[in-house]
Amino acid sequence: MTDVYVIGAGIIPFARHEASSLTDLSVEAAYQAIKDSGIVPHRIDSGYFASVLGGRLFGDSTLGQSVFAEVGISGGPIVNIENACASGSSAVCLAYNALSAGQSDYAIVVGAEKMCVPGLGLLNSGESDIETKLGLVTPASFALRAQRHMYEFGTTLEQMAQVSVKNRRHAAANPIAFFRQPVTLEEVLNAPMITDPLTRPQCCPMADGAAALVLASGSAISNNKRAIKINAAVLTSGSYQNPIDLVRWETDQRSCRLAYEKAGMGPDDLDLVECHDAFTIAEIIHYEALGLCEVGEGGRLVAEGATSLGGRIPVNVSGGLIGRGHPVAATGVAQIVEVVAQLRGEAKERQVDGAKVGLAHCMGADRQGDARSCTVAILSS
Amino acid sequence: MPARLKENTAPEAGATELLPPVQEGIFSLPAAGETGGPRLMGGYCRACERYHFPRERHCHRCLGPVEAADLGDSGVIYSFTAVRAKPPLGLPQPYAVGFVDLAANGLRVFALLDPDCVDHFKIGAPVILAVKPLGHDGKGRPCLRPYFTLQQHPAESEA
Amino acid sequence: MTDVYVIGAGIIPFARHEASSLTDLSVEAAYQAIKDSGIVPHRIDSGYFASVLGGRLFGDSTLGQSVFAEVGISGGPIVNIENACASGSSAVCLAYNALSAGQSDYAIVVGAEKMCVPGLGLLNSGESDIETKLGLVTPASFALRAQRHMYEFGTTLEQMAQVSVKNRRHAAANPIAFFRQPVTLEEVLNAPMITDPLTRPQCCPMADGAAALVLASGSAISNNKRAIKINAAVLTSGSYQNPIDLVRWETDQRSCRLAYEKAGMGPDDLDLVECHDAFTIAEIIHYEALGLCEVGEGGRLVAEGATSLGGRIPVNVSGGLIGRGHPVAATGVAQIVEVVAQLRGEAKERQVDGAKVGLAHCMGADRQGDARSCTVAILSS
Amino acid sequence: MPARLKENTAPEAGATELLPPVQEGIFSLPAAGETGGPRLMGGYCRACERYHFPRERHCHRCLGPVEAADLGDSGVIYSFTAVRAKPPLGLPQPYAVGFVDLAANGLRVFALLDPDCVDHFKIGAPVILAVKPLGHDGKGRPCLRPYFTLQQHPAESEA
């Protein structure tokens, strides 16, 4: 197995880009990542493009080929990936696998979404899914976890709201974040209820956005001081056990364990985490799956400030999905862009001091109370 | 008409028995003249002795044949939530969903909950299956949906 | 590198499946492939699902997870792939890469499409593409090649029509083919013109369908007499050279060369070919790219019967896209299902005598006169 | 109004100069009072000395800046076809498309061809650029499309 590095990262503001097409957003992120990598585009011999809604909203197909051709990458293998909210990070995993196997020297990964369009409504897990037909929308699937977490562990509304307060505060220091204004605990608690007990600021906002990475195999980088090593990048899917435990999330726990095992690391090795805080309760459950605290203790962990910038193990210093916004397929790539910036020491106001090891965790779509996809990547400087 | 088989009062919904279910085979209705309410229908693999909902085409464990199985009509709430945002599929605003632990076999199934009881659900509360026209099928056509309602209706418990 | 084998194949009739969902079609093909492989589903540790139109037509997302869970496959990495007409074969390439790198022991690949729906119209290469905006539809991109091939090499209308006659004759012997009735040369030539010079029977019909494969790494199969080895499986993309040569198709030629090189084989080693005859002229140009004849000689090759069942190098004995039908993402998998049946000696009426080596070739989408994706796989018994 | 800038006679199409192009920046129209016809517009990278159509955002070879470039208004047909099936985007039935080798720089570009000359194109025939309302933008709104027409109109050559 060859070592794999991130040598270039690019991201555009996560916002409403009404005048730009999905291709426009993607090309700009890809351009930044290649420029950042310092290599000429034709050396990049493979490409992975992720979008969830391009086909559904715009009739797009083989968009990756369009985007990569626009930045001078052609001829090699290119695939277009969809894996719900974990689409971008699934693309990263495929690129990582190909490079670690020596099947490619340089790969580009772009995750992009344009979803601020009229009438999109709440996302679901596919219109032909039985749960969708019975009224499941994504916020509800997390609200059900929240209700159960409160019931079993005494997690409070205030503890959950603290996740929003923290991530919005972090986002205020991130120039590409969707939300640049912090919120108070009272504002979070008193906001309109989306699905009990999650108020609007506890649900990540839709956004348009794109993020890109250039990956290189260890044999292809030479003396690149800004290269960041990928120690592990795992992709899993749900096990759909019945009865499913909504709070001791088997898929989440298994995926984190697998990544730690592959990287030869554990939670104590981490300096920062980007996790899939699609909803406040999700971040709390992910703390527990990641081993940042015991199961049931996630609410207290955020409330005591351990996961804030400056705390014991900062989580989502980028603002997370709640603060940075959630252009679905861009998110998993954006998380790694953030970890790379942190490990390079280039994160400016939101820099985690002395960050050496970071983890990015992403999940996608629901089925029978489980996630359909989960990715965990561990990177080090 | 059994108590748990209510007809929607909306004129466009039509008679309950004429409406299609949101998905074939997920519940059964009592035949004309029969007593009792609707039953949740799933599948069963004899080889694996496994029940499942909805019915699998092939057993997920052994790929063997599955037969239709009556999963009963009652359970207790494992978790629930009220969706207060703009509802999909023509469902009421607010409406409620949850996971129900079925009394008959311990399966934990995702379910619609009675939109008339949105503010009265509790984890652990006993619920019973009902069927009525609720929302549309995604193409605007009304359809029957199964949902669980409280065994003890809040109005009754207050009385 | 570990050797990779096909150990299971499944396919459903390519037809109008009005009463079945995309999931229904996919599950049935997957079920057949697993049953054919003789292994229990939970040993399959990774899954690749391909569909082009599921999101656009049905709002589907992470459909692979639904399909694979229905046949007892969960927990491992699952990705959903889109690469236009080469979606299914791109998924095969990803699975092949993962297995050959030792990253998986058993993988399932499903390609499926449900496209016989009202109002779909002619396919294009994405609605935001400049060429689509200027009126390019897929049949036209091949008609332009046909016009040029006739101009440069004297290829005749009759020679092109012979591709339809041959493939429809082959399809008549294939129980899963869309068309079971042969056509005469006169019928092909006198049929309604779609885009000059291609008449309707020279364009592959849309269909609903699904095909599936179970792949195994060499270390995981033991004494499986029906296992078929994959000698090479390459995925490339266009180079978009300007000026593009529409008849000496660089991407097509390069992809075939690469597959031959990886397999250590050449055209003379082949006993049969399944190629991407989306239109009659395409098959003729692919003959030339594959080295079955010289450039410019493809029209004569089909006219002399060399590519018919019983000829020197039978091409599309399944009926090809023209006879079997073209459910877009299913096609690339279906081609390999056919090659596997032939190499196992299980193709009944359409069996190529003594077939030991077969090639499957697939292409997807247009951009600037080039293909956006091309796959070539070589298999042997 | 220049000869090659025709106005559609359909009343809903509106005046040509008020209609948007099907894509920004792919052609230029003569300013009011200027003579000459429309020009095909693309891009040029000074570093690579490369022309391209449509204009690239960044040069595909070096990722350097590109400038707008006049690609001229003439070329010869490399290949062409008439689409006789139901047309997309409100285009006429039949309509024609092809690749044109541009006289100015040898670029081979995909192009719409004059739907009024569908049966008169030949490989090698000289063509010249025109612009008019042709079809809609995919959302039903009429728009301007550039297309190449025969330098020698068939009616003229027969005359």
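Letters A, B, C and D mark the chains in the order given here, with residues in each chain numbered from 1 onward.
As a convention for this text, contacts are C-beta pairs under 8 Å (C-beta built on N, C-alpha and C of every residue); 3 or more make two chains touch, one makes a residue touch a chain.
Predicted, not measured: the structure shown is a model, and the values here were computed from it.
Enquirer: Going by the touch criterion at the top, tell me which pair is linked by more C-beta contacts: A-B or B-C.
Expert: A-B
Enquirer: State, to the nearest whole Å, the distance from the C-alpha centre of subunit A to the C-alpha centre of subunit C.
Expert: The answer is 34 Å.
Enquirer: As a quick test, compute the distance in whole Å between the mean CA positions of subunit A and subunit D.
Expert: 43
Enquirer: Using the touch rule from the top of the page, what residues of subunit A touch 2 or more other chains?
Expert: Correct list: 69, 127.
Enquirer: Residue numbers in subunit D touching 2 or more other chains?
Expert: Residues of subunit D touching two or more partner chains: there are none.
Enquirer: Touch graph of the chains shown: is it line, ring, star, complete or other?
Expert: Chain contacts: none of line, ring, star or complete; other.
Enquirer: What are all the chain pairs that meet the touch criterion?
Expert: So the chains that touch one another pair up as A-B, A-C, A-D, B-C, C-D.
Enquirer: Please name which positions on subunit C make contact with subunit B in the complex.
Expert: Per the stated touch rule, the residues are 27, 31, 34-35, 40-42, 69-72.
Enquirer: Please output the residues of subunit C touching subunit D within their complex, sorted ascending.
Expert: Touch residues, subunit C against subunit D: 121-122, 124, 127, 130-137, 139-140, 143-148, 151, 192-197, 242-244, 246, 368-369.
Enquirer: State the interface residues of subunit C toward subunit A in the complex, per the touch definition above.
Expert: Those residues of subunit C that touch subunit A are 21-23, 47, 52-56, 58-63, 65-66, 68-69, 74-84, 90, 93-94, 97-98, 100-103, 125-129, 234-240, 251, 254, 364-365, 367, 372-373.
Enquirer: Taking the complex as given, what residues does subunit B use to touch subunit A?
Expert: Residues in contact with subunit A: 22-23, 26, 52, 54, 78-89, 91, 95, 97-99, 101, 106-108, 110-112, 123, 135, 137-138, 145-146.
Enquirer: Sort out for me which residues of subunit D touch subunit A in the complex.
Expert: Per the stated touch rule, the residues are 56-63.
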